[in-house]
Amino acid sequence: MKVVFERQELVRFGHCDPAGIVFYPRYFEMLNALVEDWFTEGLGVDYAQLLGPRRIGMPSVRLLADFKRVSRMGDRLCQRIRITRLGRTSLALAIAFEGPDGLRVAFEQVLVCTSLETHRPTPFPDDLRAALERAAGDTT
Amino acid sequence: MKVVFERQELVRFGHCDPAGIVFYPRYFEMLNALVEDWFTEGLGVDYAQLLGPRRIGMPSVRLLADFKRVSRMGDRLCQRIRITRLGRTSLALAIAFEGPDGLRVAFEQVLVCTSLETHRPTPFPDDLRAALERAAGDTT
Amino acid sequence: MKVVFERQELVRFGHCDPAGIVFYPRYFEMLNALVEDWFTEGLGVDYAQLLGPRRIGMPSVRLLADFKRVSRMGDRLCQRIRITRLGRTSLALAIAFEGPDGLRVAFEQVLVCTSLETHRPTPFPDDLRAALERAAGDTT
Amino acid sequence: MKVVFERQELVRFGHCDPAGIVFYPRYFEMLNALVEDWFTEGLGVDYAQLLGPRRIGMPSVRLLADFKRVSRMGDRLCQRIRITRLGRTSLALAIAFEGPDGLRVAFEQVLVCTSLETHRPTPFPDDLRAALERAAGDTT
């Protein structure tokens, strides 16, 4: 599977706990921001428009995280998204946060496209579906 | 497996997102606070003492969350911890957050006991090990 | 001015930073939760109902915090709310977080009652106004 | 007073509350990250090094926020730092978050340089003092 989006993020003071390492709920905040930026910058489907005026949600239904190595304040994490499955209303991603010493966290995330009126699954809107298919290419 | 700790938590305004439902990183903050309270109140091993002066960490190495139903501001979640495996340096938990309509989130979490000097695994200290064994009873 | 609401809160691992003390944005999360509980438990006006179905918001327009002493994981903070001014659409509070060694943080907060449709100020609804007047008594 | 550091930040889904606007504790997370980046990128004094190996803290002792207009998911905030006073152990800043419609939040923040061993004030280290003086120029 190819990487469909990649960026770097700095581990900040506010991400870290008294043990001096990333407090794991902060990793999930990073993860959510990454997916947001992928939609807007990578897929060209503005996330704020999608969840705001268009009333389409993208909640997680399943999320697995394997914490492999600790991350400390000042570290730069390379964050990479891969698409592992693209369905009619759902999307499975494999996401890696890597440091210079190797993998820090491996995530598997299943997102579902929902109506924000009903919180029920709904097919991806056409522009998002087309962008996801282009991104996934022949790799899924 | 029996429930080893149980409490209720109110879903707050600050837990919720513009879709009006819990923003998933906030569930992990709730989860961490729950485990903290279990240690201090349930096991009788003060969590702040453990991670502070005693320099023993309990980081997660694996965390799985299945999000079954949405939670809204004002909901009361019943949170229950079960022990699924107790090793020499690690502990696997099954944790459920339930609402009146049934299961909201099911977590599987593996915690490892570490030295906060080295961030390497270390056996549970005797008092914690004894408390965990008592809690687990003959169920693991 | 008399205290209109008081409770205790435990400083948690997740509130603290690599310096081992409360990361100040977490104090504001505690503050918001405190005001929420005051409305629901102290004033008898359910905060989730107010901001949800009733579509009444209570945003801060001004917030001052004086950080007097550091707080560490495991500390118990006594949190006290006083009303300093009660207007037609706004409310000024003085809030103290105290530890055994004295004042930790002193907040002054001005909240405004707004319509969540327009985000414009609106008079307090009757039940909330009556509850606030009872709480403030002859002290304002 | 001149602006000593400026950048833009996107208002994210995770910053916003069920009212669809920024939850105010998230503004303080943004503020802390801004000051962090100013130190590292603007002043050339690596914040992670400062608070990590160098054991110098920069806690807030006073913080005032005036919330002027609401911010919504997808907004871009222009964030600007000005120095209002530079003392031997403390630093006062005026920070503005602006949207296209004008000022959203105005902060006044007093930071104190402390030893992370004692949490007591200590003079700014020489490199930080020199960088702050260069930044403040003849404006303070």
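Labels A, B, C and D are assigned to the chains in the order they are written; within every chain, residues are numbered from 1.
FYI, a contact is a pair of C-beta atoms (placed from the backbone, for glycine too) under 8 Å apart; a residue touches a chain by one contact, two chains touch by 3 or more.
As the structure is a prediction and not an experimental result, all values here were calculated from the model.
At the interface between chain C and chain D, over half of the residue numbers appear on both sides, which makes the contact a same-residue one. Ranked by how far their CA centres sit from the centre of chain B, the chains are topped by D. Centroids of chain B and chain D (each the mean of its C-alpha atoms) stand 34 Å apart. Chain centres here are Cα means. That of chain C falls 24 Å from that of chain D.
If you average the Cα atoms of chain B and of chain C, the two centres end up 28 Å apart.
Each of residues 13-14, 18, 20, 23, 25, 29, 32, 51-52, 73 in chain A touches at least two other chains. If you check the complex, the residues on chain D that touch chain A are 11-14, 20, 29, 32-33, 36, 46-49, 51-52, 72-74.
Contacts from chain B toward chain D in the complex involve residues 13-14, 16-18, 20, 23, 25, 73.
Of all residues in chain C, only 18-19, 21, 23-26, 28-29, 31-32, 51-52, 57, 59-67, 70, 116, 119 touch chain D in the complex they form.
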